[in-house]
Each structure stands twice: as C-alpha cells, then as structure tokens.
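Take a look at the structures listed below.
The two complexes that follow have chain A in common; it is paired with chain B in the first and with chain C in the second.
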Partner chain A sequence: MLHYRTFMIAAVAAASLPFAAANAQSDGSIITLGAAVSLTGKYTTNGEHTKRGYDLAVKKINEAGGVTVGDETYKIEIKYYDDESTPARGAELAERLIQQDGIKFMLGPYSSGMTKAIAPVTEEHGVPMVEANGASRSLFTNNWKYLFATLSTSEQYLTGAITLVAKNADDLGKEPEEIKVAMAFENDPFSQDVREGVLDDMKEYGMEAVIDDQLPRELNDMTATLTKVKALKPDLLIVSGHSKGAATAIRQINELKVNFPVLAMTHCDSADIIGKFGDGAEHTLCATQWAPTMSYSDELFGSAQDFAKLFEETYGYAPPYQAAESAAAVQVYADAFERAGELDSKKVRDALAATDMMTFYGPIKFDQAGKNIAKPMALYQVLDGEYKVVWPSGVADTEAVVPRPST
Partner chain B sequence: MLDNIEILVQAPVITLDLVLNGLLLGAIFALAAYGMALVWGVMNIINIAQGEFVILGGYVAVVMAAYGIHPLIAVPVAALLLYAIGWALYRTVIFRIVDRDLFTSILATFGISIVLQQLMNTIFGGNVRIADAGLGTVFLMNGMVSLAQVKLLAFALAAVLGSTLVVFLKRSRLGQAIRATAQHPRAARVLGIDTDRVYAATYGLNAAICGACGALVAMAYTVHPYIGLPYTIRSFMIVVVAGLGNLAGVIAAGLGLGAAENVAGFVFGTQYQLAFVFLLLVVVLVWRNRRLARKRGYLK
Partner chain C sequence: MSKSRRPLLGHLAILAIGIAAPLVFPAWQSQMAELWLFIVFALTWDLVGGQMGYNSFGNVVFLGVGMYACVVTQVGLFYQVSAYNDARGGGATIFTFDPRQYFEGLAIGLPVGAVLAALTAAFLGSLVLGMRGHYFAICTLGLGVAAGELANGWEWIGAGSGMVPPNPPGAIGDLSRFYYYLAFALAIVTFLGLRWLYTTRFRFAINAIRDNEDKAEAMGLRTTQIKTTAWVIAAFFLGIAGGILGNLKRFIDPIDTAFAGATFGVWMVLMAVLGGKGTLWGPVIGAILFQVFKEASWTYLLGWQRVALGLLIVLIVVFFPQGIMGFLRERFPAWFGHRVEGVKDMDAVEETKAR
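Coming up: the complex of A and B.
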C-alpha cells in the first residue's frame, strides 16, 4: 500500500515536471519578453518598424553573449502577438501573454492608443512594460508604476519649431511676440498633446494663434484651413495629423500655392514627403525623435550611424526613428536585468526606474512617471532634398533656413 | 467664428475660392454617390464597400504611376479592372443577398469592405500613397483664387462620366434593361430580361464608376487602405438627400455638399465641418418629411 502511494506521488511529480519547466519563463537560460505589436490593420507599417527594432536589438544582444543576471547568462527571446491595430485586442493579448504564457516582462506596442489599452493590464499584474512608441502625455499622468518609455513625449514634438522661429524673428522682420501662428492638428490624443506643448511655448514668447483648426480623423482635404492661411498670412503653419496629414498638407499647400515663411509638421519621414513631393517638401521643419546623423553612441550598436547601417543591411531600408527607439527599449531591459541581479518583476521594475544610460538612440533616464527625460526631441529640415538635423544646436548638422526663401 | 465671417464679407473673393474648391471636391463625391444610387435603386442594396472600391481604383493609379505610366491612363484601366472585380463579387457574394432585406445586404457589403481593406493593406502596405499627375495650378482674380488643374480635370471627367451614364441608361439595351429591372424586377423577368445578368452588370458598373473616381482621388488627394469610409458616408448622404433614381439631384447634392462643407470648415473651423454636413442632412430630411406629410394631408 505504502509502496503504491510513493509510486503515485513520484509519478505525479514526474508528470508535472515538464509543465513546470514550460511555465517558468526564464528557464533554459532564456528570458522571454512579451509584446503585442500591430502586424495587420492601420498601424501595420509602424508596427513592423517596431518589431524590427526589437528583433535587431535582441539579435545583437544575443550575439554579444546575452545578458548576465546574477551568475547566469541568458539569451533574450520575444513572444509576439498581432494586436490587429485594435486597442481591445491589444489588452486581451497582454492578458494572454501574462496569464497564459507566463510572461513577466513586456515590451510596448505601437502608438499611444494601443499603449493606453495595454498599460492598465500590465499595471494590474505588476509586470513591467518598457515601451517605445506611446508618446501621449496622458500615459504618464496615471501614477502607473510599471510603465517606462524610451521616447520623448508628444508635447515636446514641435516646441523646437517655436523656439527656432522666435530666435529667427529678426529675419522675419518681427519681434517674437508679433509672430502669428496657424495651427492645424488632427483630433486625436497624440496630435492634441503636440498642440498643448506648442501652445505652452507660444505663451512663453507671447505669440498669437490666428488659426486653431482641428482636422477630422477621416481627413482628405485641407482647403478650408489653407484658404484661411492665405487670408490671414501667418508666419508659421504647424500641422500634425500623422502621415495622412503630412502628405495632404504638403500636396495642397503646393497645389493652392499658399505662401508663408515657415512650415513645421510631424510624421514627415513616415509620409515620405521628400520621395513623394521632391521640391514641394523643401524647407519643411519636421519633428523627429532620432536621426542617424546624431552623435550618440553605445557599446552594443556603436554610433547612431552604425545602427542605421546595420538596420539597412538587415532590412533593406534606412531605419525610421520608430525602429531606433524600439531597439533602445530592449537595451534598457538588458541593462536593468543585469543591475537587478535576479529576474523578479518587482526587482527589475526598481532597476528600470533607476536606469541612467547612454544608447545610440540618446541618453535614457526615467522620471517618476516613467517617461524619458534625458533625451531632447529634435527637428529636421528638408534641405536640398535631404533631412538635416537643425535643432537642438548640440546635435545639429547645419543651421536652419528660417524663413524659407520665398518662391 | 464672427471674425471668419468678417473675412468672407470683406474679401468675397475668398468665398469664391472656397466655393469653387468645394465644388471640385463635391464632384468626386457625386461620382461615387451616383454609383451608390444605381445599386441602391436597381438592386435595393446599400453598398458599404463603396469607399473601398474607390480606394482600390486609387491604388491602380498609384501602381501605374510607380511604373512610370501617366496616372490619367489609370482612369479607364481602373474602371475596367473594377468592373471585373465588381462582377466577380456579384457572382460570388452579392447574388445571394439581392432579394434579402436591407440589413443582410448591409452586413454582407460591410464584410466585403473589411476584406478589401485588409487585402489592400497586405498588398500595398499601410502607407499613405499618391499618384502625381504632374499638373499645375490655375489662378483667377489676381491669384486670389487658386484651383489645382488636376481637380479641374477630375471635375470635367466626372461630368463626362456622369453624362455618358445618363445616355447609356436611356439609350442602350442594357441601360433600358437596368431601368426596367429597377422599376419592377418580376415584370422584367416575365418580359424576358435576364435580371441576374442585369444585376451583375449594375454592380460591376458601380464598381467601375468608383474605380475611375478612385484614380482621380489618387491624383488629387491621398489614398490609404483605411480611408474608404468617408467616401461611403458621403455617397450615402448624397443619395439620401437626392433620392434614388435622380441623377440631377445626386450631382446637385454632391456639388452643394462639397461647397457647403468647405465654407463651413472655414467659418466654424474644420472640427465642425462634418458636424455641419450632418446637420444639413437632418434639416433636409425634416423638411422633406414635412412636405410629404402635407401631401398625405391633401390625399386624405
């Protein structure tokens, strides 16, 4: 009888062993990060950039020997799901990654909206999430403890343009407080955050907003706004409406021959305004998180230029900043794992909070709310058919041409 | 808002600019709406996939432009291709729902629109695309009014296509069969019209109109796999305002809507542009209802 019972216990124990191994996610010297990224739906392009950034960093880290946690070395792996660009699906998949797949460390999805849907889930389970593509300010006002972002938040996107124009007010024949600004922002959380930041900076210089239009989400025509620009002759037009807004604005500004001294916008590179419009895009100021020409570097990738080269060799196109900030997110994890010394969610979270590192993408240091406060936003200008960094002056390739020569 | 009206009063030429540009935009919507009215009137189907047909046509122009072919040639090519796609869709899906109630057909065409969106996303990618026709701008009134040539061209093509359709429906055998089927499908069948063929042709014709319209959209605006919905909604509104089987009404409503939208966007700000259009729709419907009620009153 006793004999039988011992046998049963041993059998049960033996049978449950493989399950135990499958469940412990860092077993076999592999740390598995989880991510729900958009591979179908409207964020497909940028979701792909995000995934490739993650993958490239993982590959590079594993090639360099992996990460050392305590006395053991681990390789990194990522488990992906396709969130179909739908927030509800993203939240569901985050739940699945944590509950079913036993993921203890999450990487972010693409876009603020998706991040906003997933963050409450990771927060509830006490799972850290390092994200690289949710820039909305509203992500960092909820007292979330497990959310960290490598990128600059959206209210900083175009403040550089205001500063630049204020500095060059003389060339416009005006005092900074006489500058008239026209604003056209899409009616979505990201663009509205950008608008808030711009408004704050305008207040600082005492600039006046003569147009403050909100573009509808299903935007296909900006004639009403541009006609107003023609009538009111502002010094600066700021447009933020993702790729669609950037492409529509440049197309119609050229078609309607609207003339004004300075144009600043977001999403120039993802809309590929140079490729699409050539000369029509000249002198546009564009917000960017990162550029390959910047002078940042780290040990893993080398310089920003080296990263760009590696990325282009691997995927066949120059890395957009979405890929760079995503790669940096994986680097942040690797750094935090090593400093934490063990793979405990809470310990890693504290290590993440104490992050203070330099990457090819720029310095990374999180504030209380989890956003990266060390890296400034930058501005490109389209000069002779190329993006040149013109702001901030520390990392700029060249001087900005403000105002643009009238045609 | 008041200062915006002041600008318009002080510089009427700006109003002219807004109205003209609005009319040009409206012509594109009118074209898509005409196809919708056709399918709705003949087959009693509200085609939710209308916008996706438009965008598909746009991609034909984009792809041709990428191969160095002038996107204007894409207008007939897109029409032909889309005719084939529309016809194939009828033979696989739509014929099952012609006699069903409106809800079934809305659901089915909504499904088609989702499938088309995902297909376009997979094939062409999620980026915003354009086709450059390389045309300039026309200036009127000392450069105060600027009209893009490509939009003028789109307007002209929309007019030509519209009138060709009218003649086609009035004169050709197929056109007559389409009108007969719209009036009374059973009687048409009794008189020897193959209504199934008529339906397939009608649905294909609608897709072809949308395809041509889309090629113009790619040249004048932007295309993106998920930007079809505005074209569906605008078409729907135009048809509701104009009524079925009323081509002149569809064109007038399309143009009027475009102009009203543009002026409203200027006066109230673009955030109220769509809201204004919907308000207009409500007003038109309420007014129509009252007129009908009065007619019913006489009949009693």
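Coming up: the complex of A and C.
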C-alpha cells in the first residue's frame, strides 16, 4: 500500500511539474537567449566549451552595463537545455525553448548535426539563431533566413595543411602531384564535410588519396587505418573526428609507432593533445578557427590574448576556439540588439544580417546564406609543446616545420 | 450506468482529449505528438515482447527502415535522391516541394515505409525467430546496431551526414500540429487494431508460445510462422511511426534518430515494462508516464536526467516487476473480473492526460 501511495504522489508531482514552467517568460529588463547544448553524451567536452564561451560573454556584457536597446538597458541571460548530443532531442528542445519558454533569440548548439536538426525549427518559427559550432556547408544551402554562423565553414578547415604540404613538397623529395594522402574521417556530418573540402583541395594539386577510411562515431580505435598507413607510407595523414578522434589518433600513432612525414587534424586544442600526450603531439598540424596569439581585439574583451587570460582565470584552462567563437556569437547578438533598436525577431534578424563588426575572435560579416565570410581559417602546429600559428602567412607566429624531422 | 456503456464513454473522452489537446496546449504539441508515437512504440513492442514473450531489442530496426523509406520516397518521387543528399557537400541547388508534392510524397511515403518495415520483419523473422530467450534478445540487439552502421555508411541515403526530410511548404501551416494529428490517428488505429487482434485466436497462439513454446508446438501450432507474423504486424505500425517521427524531427541521423537503439530502442521496452507487459492498456499507461517523467526531468534535473531515468528503471524493477497493470491486477483483482482489461484503467489514462 505504501508503495502504491508513494508512487501515485510522485506520479502526480511529476505530471504537474512541466506546467509550472510554461509561463516563465523574460521579464522587462532581461533578454533571455535560448540554447540547447550537449552537457551529456559524446559531445560533452565541446558542449562544455560552448557553454562556457556563452557564459563568459554574457557575464562580461552584463558587467559592462548590459545592452542598450532603444532607451532601455537590458541584462542578458541564457536558458539552457541538455540536448544529450542527439539531434532528435535538439529539435525538440528548440521547439520547447521557443514555444514554451517564449525564447525569441537562439544561440546554437555544438556540432553540425545538432545545428542541422535545430535550424529548421528556428526557421519555421522565425526565430533568429546565431550559432558558433555548426560548420558544415550544408547548413548554408537551404536558403534559410534566420541562421547566422560566426565560424568558417568546414571545407576550409584543412586547406592550410594541404597548401603547406604542397608548398614544401620539395622537402619531401616530391612534386605536389606525387604526394600521397591518407584520410581517416569519422562518419558524421561535420567530418564528412571536412573530407569533401580536403578532396577539393587535393584535386587542385593533383594529389592522390591512398587511404580513405570512414570511421565509426565516438571514434576510439583506428588501428586498422594506422596499419594501412604503415604499409602504404603516405606523406600526409589527415584525421578528423571531433575531440575523441583527435585524442585517439595521437594515442594510437604513438602506441603503434607509426612514422610518416605530416599529420594534420581537427580539434587538437579541444582534445588537449599537448596536455595529454606531450611530446607525442609534437609537429601535429591543427585546424583552428582562432588562436589567442592573433592580433584581433574589441572593446569588450580587449585583445584575443586578454580573452584567453580571462578564460583561463575563470575556468582553469586555455580557451579552445570553440569557446572563443561561442563568446563571439553572444557579442554578435548584443551588437545586433543595439542596432535593431527594439526586440522584435524580424528587426533583430535584419540587424544580424547587416552585422559588420570586429571582435577579439576576428572580423564578423555574414553573407546571404548567413555564414561568416570575413574571418579566415588558420592552422596551428605543435612546436616545443606549444600551439603556434603557422598559416595563413599573414597571421603566422612562425614558419611551419613540414615534414617533421624524422626520429 | 450499465457496465457495457462505460468503456464507450471512456473512449469518447480520450478521443475528445486527443483532438482538443493541441488546441488547448499549442506549445506542447510536438511533445504530445511524440507521446502518441511512444504509445505506438510500446504497444507494438508489447505484441512481441509481452504477449509472445520474445524480448526484442531490435524493433528500432523497423522504426528506422520506415523512417528512411518514407523520406526517401518523399524525395524520390520528385528528385534524384542521390542529388538531393549530395547537396550537403555545398551544392547550390535548393530543393523545394509545393504543397501537392509534399502531401503526395507523404501519402505514398508512409505506406511504403510500413510495407518495407513489414517485409524487413518477415525476412529477419524467418532468420532469427527460430532462436529463443536470451539468444533472440541478444541477436536482435545486434540487428539494431548493424542496421545503424549500414545506414551510416550508405552514401545514397546520406550516410553519416544524415538526411533531411523535405522542407514543408509554407502553406502547410503549423507543421507540428499536422504531425500531431497524424500521430494521434496512428496511435488510435494501432490500439484498435491490436485490441481486435487480441480477441482472435491469434492471441491464444502467441500466449501459448510465451507460456510454453514446446507444448504449443506439440499442439500443432506453426510457431515460427506465428512468431514472424506477430513481428510483421508490429513492424508495419512501427514503420508508419518511423515516417511520422522522421518528418517531425526534421533531421534523420542514422544512429541517433533512425536506428537509435540506445534511446528509442530501450525506451520501447521500458515503457511496456513500466505499464505492464502482456496487457493492452499497460503500454499506453507506461508510455504516458514515461514521457511525462522524461520531459519533467529534462527540464528540472539538467545534466542529471539520465541518472533520474536510470533510477526510474531500478524503481520499476524493484517495486513494480509486473508493471503498473500487473501491480493493480494483483492488488485489486476485482477490478479486472472476468474481463482482462477493465474499465478502471481507462479512467487512469484520462486522469493522467487531464493533468
């Protein structure tokens, strides 16, 4: 009997809970942004970086007095849900944020797949979404009007690596068109799009792909690919599989003692390959949207270096670019709110479309499709246990070491 | 009131609530649409897992097959599927569907999904339904994983990049409401279909298989054939549910949406077990409670929702091993009388929904 009664009470309580929240709205002097980010599941690490980027920008903006829209000053707040790294959940939560929580402005989730799931929802409801972590090109071919991205799209991620290898082909004792490339990409929307970009770049130089492996999600074993690398001796190995993929690649390359001239990958800094693998990460080329050493700056955060310092003080680790581009997304909103002069979704959307600003993260200006065309992609190299920008030459700290010295 | 008229009134009340719900709570309609689909998940799972005693962890295969088949049909009727999916690589082509195309695609796509799912079940069933007990359960678990990996590698349907169902034309209006009513209709049809099925000899046959398969066989039942038939019926309805779910979610990820064994696949089992295996109303009640619990915990226990869900599973197993229906039947046998599913449970459903 006791069980039964307790259960019924719990059931009634559980059933009545959601309705209590239905009327939570943003009140007069607060603008509430909505975001579904990955707090659990396979994107947890990067979801966390994303959330911290958002939070830091919100904190900083509020400390600086908030946002002035028309005659009123507003503080910014973010309402989060956990999308559990599954797209089905993301779409549902977006709808919930918009319809039940009355959110009129959305921030993006982490990863292209999640953004793909959420964008149709925000589009249907005419709610602007500024996203910082969905880089797949396919997001920008749908004629969507309410989607804006602060980052460079994924086909540009590893262009630098191909260019550098082609340029240094002499040192490898080859012509650019004789370069052999091994590719290992996780089978998810983002990595597959990076692959398309790499293939395009390779075609330009006439390079040949000797390995083209598609690896399972939540990449934690790539020995099969590495065995092939040992046998076929490519000049360049390209790996892309979010943070887990990056960590797996470095770990197993060292374990299996695979030697080849150049390694290029994505998500090095968010996987913290230097911290985890030390010397093992040396000479890796890493795609990055942003680096603390770059010479961008704005009034809110100061220079890129200042942002990095503040982030490290707050969270205890150096900011990966995922955090930086996320912080920039909030800045874009703040800027658009002020220019729109009122908090109307359509007006803010138009203001967003007209964005042309400089941030610590780089210049931001959206094209027709909503992607940021002002900021170039960059490439790090791990040199003496530090990330050094080696490409493009305009912002490079130092010359790239390609190929890596043989040991 | 005579006893025979009360169920009818109860049914009418559920119908009225179902029709009115999205109008009264427009903000909740996509979650409610999902709830109706969950009821279909639980009911179809219970047909095989509860009534027949074959615990399947692979029913999600039929959900995914239905989902992909429906969406591929929706696209394929008007465009090249490969070109449509290739456009993810940055092609400039924009694919639009006018209202006629959209509804035509859906009207053909949903049945195609259902039939393909049913055929898949017939094929797989003839292969694996010779197995029993744990062997069958583990085998179906493998089927779900394998199907996800296959879809994840198949370029034609978008491989790992997933597939986006056609963007609905503006004329369709409120998309979630449209799919809410579709899901609602499907849940009712599934429920009535199974209720009818459970009045036939077929039910005795699958119950006999559950209780003692060797004896059933000795009595002359063609067990493998009957088991496959049951799975095919479950797959048919699940296939339609998949088509609706894919369009409702608007992005099909092969592993996380279509062949999502870790979420939908497990939840099906959980909902049926929570409500009570082997009963008609049990899965319905289980699905409702589960969805309410899920939505509430996702809101109030941010980051801990999976822990809460795990706790729920433990609580169910410890305190309600027979599910809510089983518990009620044990405590209040009088409610059930000579009828298997009584009037009282329907009231419970109404109460839960009215909250």
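Worth a mention:
Quick note on the criterion: the second predicted complex is superposed on the first by the 377 of 407 C-alpha atoms of A that agree within 3 Å, B and C clash if a C-alpha of one lies under 4 Å from a C-alpha of the other, contacts with A are read in each partner's own complex, and residues count from 1 in each chain.
Just so it is clear, contacts are C-beta pairs under 8 Å (C-beta built on N, C-alpha and C of every residue); 3 or more make two chains touch, one makes a residue touch a chain.
Remember, predicted model here, so these are calculated numbers, not experimental data.
By the touch criterion defined above, A:P120 reaches chain C but does not reach chain B. With both structures placed on the common chain, the touch criterion links A:S393 to neither chain B nor chain C. In the superposed model, A:Q214 lies in contact with both chain B and chain C.
Using the contact criterion defined above for the overlaid structures, shared-chain residue A:N187 touches chain B and also reaches chain C. In the superposition on chain A, A:T40 makes contact with both chain B and chain C.
Using the contact criterion defined above for the overlaid structures, shared-chain residue A:S295 touches neither chain B nor chain C, since it reaches no partner. Of the two partner chains placed by superposition, only chain B is touched by A:K257; chain C is not. By the touch criterion defined above, A:T86 lies against chain C but remains apart from chain B after alignment on the C-alpha atoms of chain A. Comparing chain C and chain B on the residues of chain A they touch gives the larger count to C.
After overlaying the two complexes on the shared chain, residue contacts for A:T73 are found with neither chain B nor chain C.
Taken together, the two structures place residues 40, 187, 214, 216 of chain A in contact with chain B in one case and with chain C in the other. Remark: chain C residues 26-28, 30-31, 34, 87-94, 149, 152-153, 159-162, 164, 167, 175-176, 249-251, 253, 255-257, 260, 263, 289, 292-293, 295-296, 298-300, 302-303, 305-306, 319-320, 327, 331, 352, 355 touch chain A in the complex. Across the complex, chain C is touched by residues 3-4, 7, 11-12, 14-19, 21-22, 39-40, 80-82, 84-88, 91-93, 95-96, 99-100, 113, 116-117, 120-121, 124, 136-138, 141-143, 155, 186-189, 191-193, 196, 214, 216-217 of chain A. Against chain A, the residues of chain B that register as touching in their complex are 4, 7, 11, 14, 17-18, 21-22, 25, 118, 121-122, 125-128, 130, 132, 137, 139, 143-144, 146, 148, 150-151, 217, 221-222, 224-227, 229-230, 261-266, 269-271, 273-274.
Touching chain B in their complex are the following residues of chain A: 40-46, 184, 187, 212-216, 218, 220-225, 227-228, 230-232, 243-244, 246-248, 251-252, 255-257, 270-272, 276.
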